[in-house]
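Several structures are given next for inspection.
Shared between the two complexes below is chain A, which has chain B as its partner in the first and chain C in the second.
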Partner chain A sequence: METQLLKKERLKDFLKALGGVRLIAPVAGGAKTQFCEVADIDAAEFDLDDYTATTKKVMFPQNETMFAFRSIDGGVAVEETAVPAKTVVFGIRPCDARSFVTLDPLFTKDFDDPYYRQRREATVLIGHACQEPTNRCFCPSVGGSPSSTEGLDVLLTDIGESYFVQIVTERGKEALGGAGSLLSPATEADQQQKQAADAQSAAKIRRSVNLKKMHEILPKAFALPEWKELGSKCIGCGICTYNCPTCHCFDIQDEGTPYQGRRLRVWDACMFPEFTVHASGENPRHDRSERLRNRMMHKFSYFPRNLGFISCVGCGRCIELCPVNEDLIQILTTVRDLCNE
Partner chain B sequence: MSNNPYIPYEAEIKEVRQETGGERPIKTFTMQLKDKNVQKSFRQQPGQCAMVGIPGVGESMISICSSPTQKGSLQFSIMKMGKVTSALHELEPGDTAMLRGPYGKAFPVKEWKGKKILCIGGGIGLAPLRPIINYVRDNREDYAGLNIIYGARTPEDLVFLDELKDLKKKKTATVHLTVDVEAKGWKGNVGFVPQYLLDLKPSPRDTIAITCGPPIMIKFVLENLVKLKFKEDQIYTTLENRMKCGIGKCGKCNVGEVYVCKDGPVFSYAQYKTLLPDM
Partner chain C sequence: MDATKSLRAIAREVLGRDDIACLIGYEQGSYGFRVQPCVLTDPDQADRLIFSPLCVHNLTNYLTLEQIGPLSKTDIGTGKIAVVVKGCDSRTIAVLCAENGIKREDVYVIGVHSPGVVDLKKLEKRFPNAVAPAEVSLEGDTFTITCEGSTTTVPRSELVNAKCLRCKTNVPVGCDVMVEGPVHSMSDEFADVAELEGRSLAERSGFWHEHLSRCIRCYACRNTCPLCYCSECILDKLRPQFVRRSVDYPENFLFHAARAFHLAGRCVECGECERVCPQDIPLMALNRKLAKDVKELFDFEAGIDPAQKALFVSFRPEDPDEGIL
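Up next is the complex of A and B:
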């Protein structure tokens, strides 16, 4: 892996030098910091520390047009959406970058999902190492770390006056081609500072969950009556799923009239009763605790069994944002205890 | 043709047959994909489904009720139930619907060669069995027998009645019909399908039993097949759930770790039993 140094005061020049691409970055302002398209780099105020700002929408927007349709004489014409523009995401957290690694097999195996795949192919991820993990974070428990490069093309780490730049992939190297003059070789001392910064961040992680054999324990725990109690607080608001970087469930809806309109893909949430209800009114998961159980099973048993990854990156947003303090770590720990594992 | 699996294709409605009336009528639609290349690449096997839709309304996953031996067109028997199926019921010959598929695992009809085929259906649940029935009918010399046990609430709720009578008349199949309650003019059996199965006592020897119907019927038919000494690998059924993508991504139709859309809808009894906790 190639390593370089970037003076902090040259950050905006660095971003401008990436040139000719759509830049998405965490921008302060409004009600809260959000990742959005940056039209004017000089005017933008970046906020790299707001950990609630998520990037799932970059590859999998909250709603997107799948295709447009209109009626023509004797039939229907379908117009596919354009291929997405080349994009750079700056400031993505290592946990959020890892989430795309877990989503890749879902969207590309068996059937190709062109919407996700094309965005993924068109996007370079420049991460910012996490130095202030919150007291909800548990990324090491799911195989990550605050300085993980998995899923990233480039990782920047704040080492005081400079960013320590790790160029992880060929794609990252290409993207940084125009910014070469702003980078200087990293010295041994810089390396040491980077290592110290990573160690400090890792030491700030307070929570953990034992996931050993969890994919086998959960199916055994399926029929436990305690799920009722574990899910009793849940009010089914779905905020855990909307803020989860790995939740991928969606709905497909039509907008318009039979004469013209578009078919949309929109985020959906397994915590909503409508998610699974049949046209007949029958609902295979009619109880909130059943839906909470399914969410846990999906993330920590079904998904790893089917696609090879735990569907969780340990960002802790579901714990942080839950209005009734449902706690994924507590739930999984209780289940393990109940199974005497 | 697009490589995008979400893109549906135009299909012309060729024929609409009213199967049943009442509050939840069933119609059988014969459709033909308009694009010859799409038509050629759409190669379904008995038991597979397709997303049938109307732009501006939506799509529903419907089992293809015609056999692949019926070339050039596809049939769907659709009960008027929700938003999409109600809109589909408005379609007339010459109109256009949209199709994508085929989806899901099929019945392994080729592996069943040499066996007796026993289809046990209830209500609209005969639709997913019809491609097997017609496939066996069209390859009758490959199979040792075809036996159909079919029931519905009332005589008016029985679908494909003409076809069933024809199979019986031509001695292609033995056909046993039943209705839940006595009805004027009904001379056949009266009683629920699972009990009728027990009364008829079909032999499990060299037989494959396939059942589809309301979930409660499936449950008891499976139990009774076991009572009749059918082994797990001789029994198949199909499941359904709400679906949106049809390709295992939207997360709606899972039962345990399987997705009904791509791992089903056809399940062997051995698989079905592993899914029971989440049903």
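Up next is the complex of A and C:
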């Protein structure tokens, strides 16, 4: 992996040097930092320490127009969605970048989803290593780390006066082509500083969950009566799924009139009762506890069995945001204990 | 700590009774400052209960759900559900009973004189590293916070939830049993609403455009609201579809406006919607405006008196009828 150094004060020049691409970054301002398109790099105030803004929407937007239609003389005119523009996402955290690695096979393996794939192909991810992981982070338990490069094209680590730049992929190298003059080779001392910074961040993570054989334990635990209690606090909102970087369920809706409108893909959540309700009115996942169990099974059992890895990157947003402190670490630990594993 | 002790004693007695099916209270959460709701069914579980300024939830939300803890409504049968309430929470029960959402005889209400609850977002910002169970107590005007081995005191005004700063009374209404503590009473002149009302239409429009555009429609506000308990929400309906599934400002506005209007004269200002919002949308500004209007137009405050009728089914001869065609 190629390593370079970027002076911190040259960050904005660096971003400008990436050329005519759409830049998405965590921008402060208003009541809450959001990952959004940056029109004016000079005016933007980046908030690289924000740990709440979600990036899932960059590849998998909450509203996605699949096509628009309108009736014309003698038929229907269909307008396909435009191919996404070349994009650079700057300031994404390692856990969020890893989430795309879990989503990739889902959207490309059994069925090629052109909307996700085209966007993924058009996007370069420049990450920012976590310096101050929060009290709800547990990425090491799921195979990540605050300085993981998995899923990223480039990773920047703050080592004081400079960013330590790791160029992970060919795509990353290409994207940084125009910014070459702003980078200088990293020395041995820089390497050491980078290692120290990584170790310092990793040491700050204090929550963990034992996931050994969890994909085998969960099916055994499926019929445990304790799920009723584990899931009883849940109030059935979608805060965990909508803020989860790996949750990917969607609904397809037609909006408009029979003469003009669009087919739309929108996020959906397995925690909503309507998600599984049948046309007959029957709902096979009637209780909130059954829906919560499904969410755990999906991430920690079905996903590993079908694709070989768990569908959780340890960002802890579901834990932090849950209105009633349903905590997946607590749930999975209880399930393991109940199964004597 | 004393409230916790009294609460446990009450719970032990209550859970031993034949007519009580379960008790909804608070217990230690999974990390740091988090407290979680719990549903107890056995007197031996009483010592799990706690009460502190971290007990932010309005537990009456669970009363209208089909499944309450390990029990479904069918399991509960004719037994009563005991529930721990703070002053604001108790008003919810009054509203629910007045509109036949629940029957008063089906619940056993355990009131606690709460000295105020924390604003969790502010607290966790100030003490961001709490992983081990942390404790918060409030005496007089000072919070004492024990977190990760050190104890700090913070003035009440810096960390208390905004709703507690305008709490008219912390004495719960219509309870069966009370855990007593210091009583306080503050005036509420709706200064926050007046500030927003004082802005121009364009400014207000911009204010809501900015905030409501952020909404991701996770419905945490709706689901955490104890007075949003329709068996099928208008937002979930597909035939006819009142609110589109696309998440953008017009649809988000429709959602929040519909919810606010449905809560007019009913909202007890427990503030749960705003507390849980992952996008920090100031939802209480909507509810507070309606509360102010209801107070001024009808001299009505939701849930303040357990004997009161619901606003929209009450009529007084002295009503000037100005709102009726």
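The rule is simple: the second predicted complex is superposed on the first by the 335 of 341 C-alpha atoms of A that agree within 3 Å, B and C clash if a C-alpha of one lies under 4 Å from a C-alpha of the other, contacts with A are read in each partner's own complex, and residues count from 1 in each chain.
Everything below uses one rule, namely that a contact is a pair of C-beta atoms (placed from the backbone, for glycine too) under 8 Å apart; a residue touches a chain by one contact, two chains touch by 3 or more.
Keep in mind the model is a prediction, meaning the values are calculated, not measured.
A.B. asks: What does the overlay on chain A give for chain B and chain C, a clash or a fit?
C.D. replies: fit
A.B. asks: Would you sort A:192 into first (chain B), second (chain C), both or neither based on which partner it touches?
C.D. replies: Neither partner.
A.B. asks: Touching A:200 in the superposition: chain B (first), chain C (second), both, neither?
C.D. replies: neither
A.B. asks: Looking at A:288 after the superposition, I want to know if it touches chain B, chain C, both of them or none. Which is it: first, second, both, neither?
C.D. replies: In the superposition, A:288 contacts chain C only.
A.B. asks: Should A:210 be classified as contacting the first partner (chain B), the second (chain C), both, or neither?
C.D. replies: neither
A.B. asks: Pick one for A:253: touches chain B only (first), chain C only (second), both, or neither.
C.D. replies: Once the two structures are laid over each other on A, A:253 reaches both partners.
A.B. asks: Angle at chain A, chain B to chain C, CA centres, as a multiple of 10°?
C.D. replies: 90
A.B. asks: Have a look at where A:275 lands relative to chain B and chain C in the superposition and call it first, second, both or neither.
C.D. replies: Only chain B is touched by A:275; chain C is not.
A.B. asks: For A:110, using the defined touch cut-off, is the partner it touches chain B, chain C, both, or neither? Pick first, second, both or neither.
C.D. replies: The first partner, chain B, only.
A.B. asks: State the minimum pairwise Cα distance, in Å, between chain B and chain C in the overlaid complexes.
C.D. replies: Scanning every C-alpha pair, the shortest chain B to chain C distance is 6 Å.
A.B. asks: Chain A residues touched by both chain B and chain C?
C.D. replies: Residues common to the chain A contacts of chain C and of chain B are 251, 253, listed in rising order.
A.B. asks: For a test of understanding, state which residues of chain B touch chain A in their complex under the given definition.
C.D. replies: These residues of chain B touch chain A: 2-8, 10, 34, 54-60, 81-83, 85, 96, 98, 240-242, 244-245, 247-257, 262, 277-279.
A.B. asks: Report the residues of chain C in contact with chain A in the complex, numbered from low to high.
C.D. replies: By the definition above, chain C touches chain A via 29-32, 34-39, 57, 61, 65-70, 72, 124, 128-131, 210-211, 214, 216-220, 222-224, 236, 244-248, 272, 275-276, 278-282.
A.B. asks: Which residues, counting only chain A, touch chain B once they are in their complex?
C.D. replies: 66-67, 69, 71, 74-76, 78, 80, 106-107, 110-114, 219, 222-223, 248-254, 256-259, 261, 263, 268, 270, 275-280, 284, 294, 297-298, 301-302, 305-306
A.B. asks: Residue numbers of chain A touching chain C in their complex, please.
C.D. replies: Per the touch definition, chain A meets chain C at residues 30-32, 34, 52, 62-63, 132, 134-136, 204, 206-207, 225, 228-229, 232-233, 235-239, 241-243, 251, 253, 255, 264, 266-267, 269, 272, 274, 287-289, 319, 321, 323-327, 329-330.
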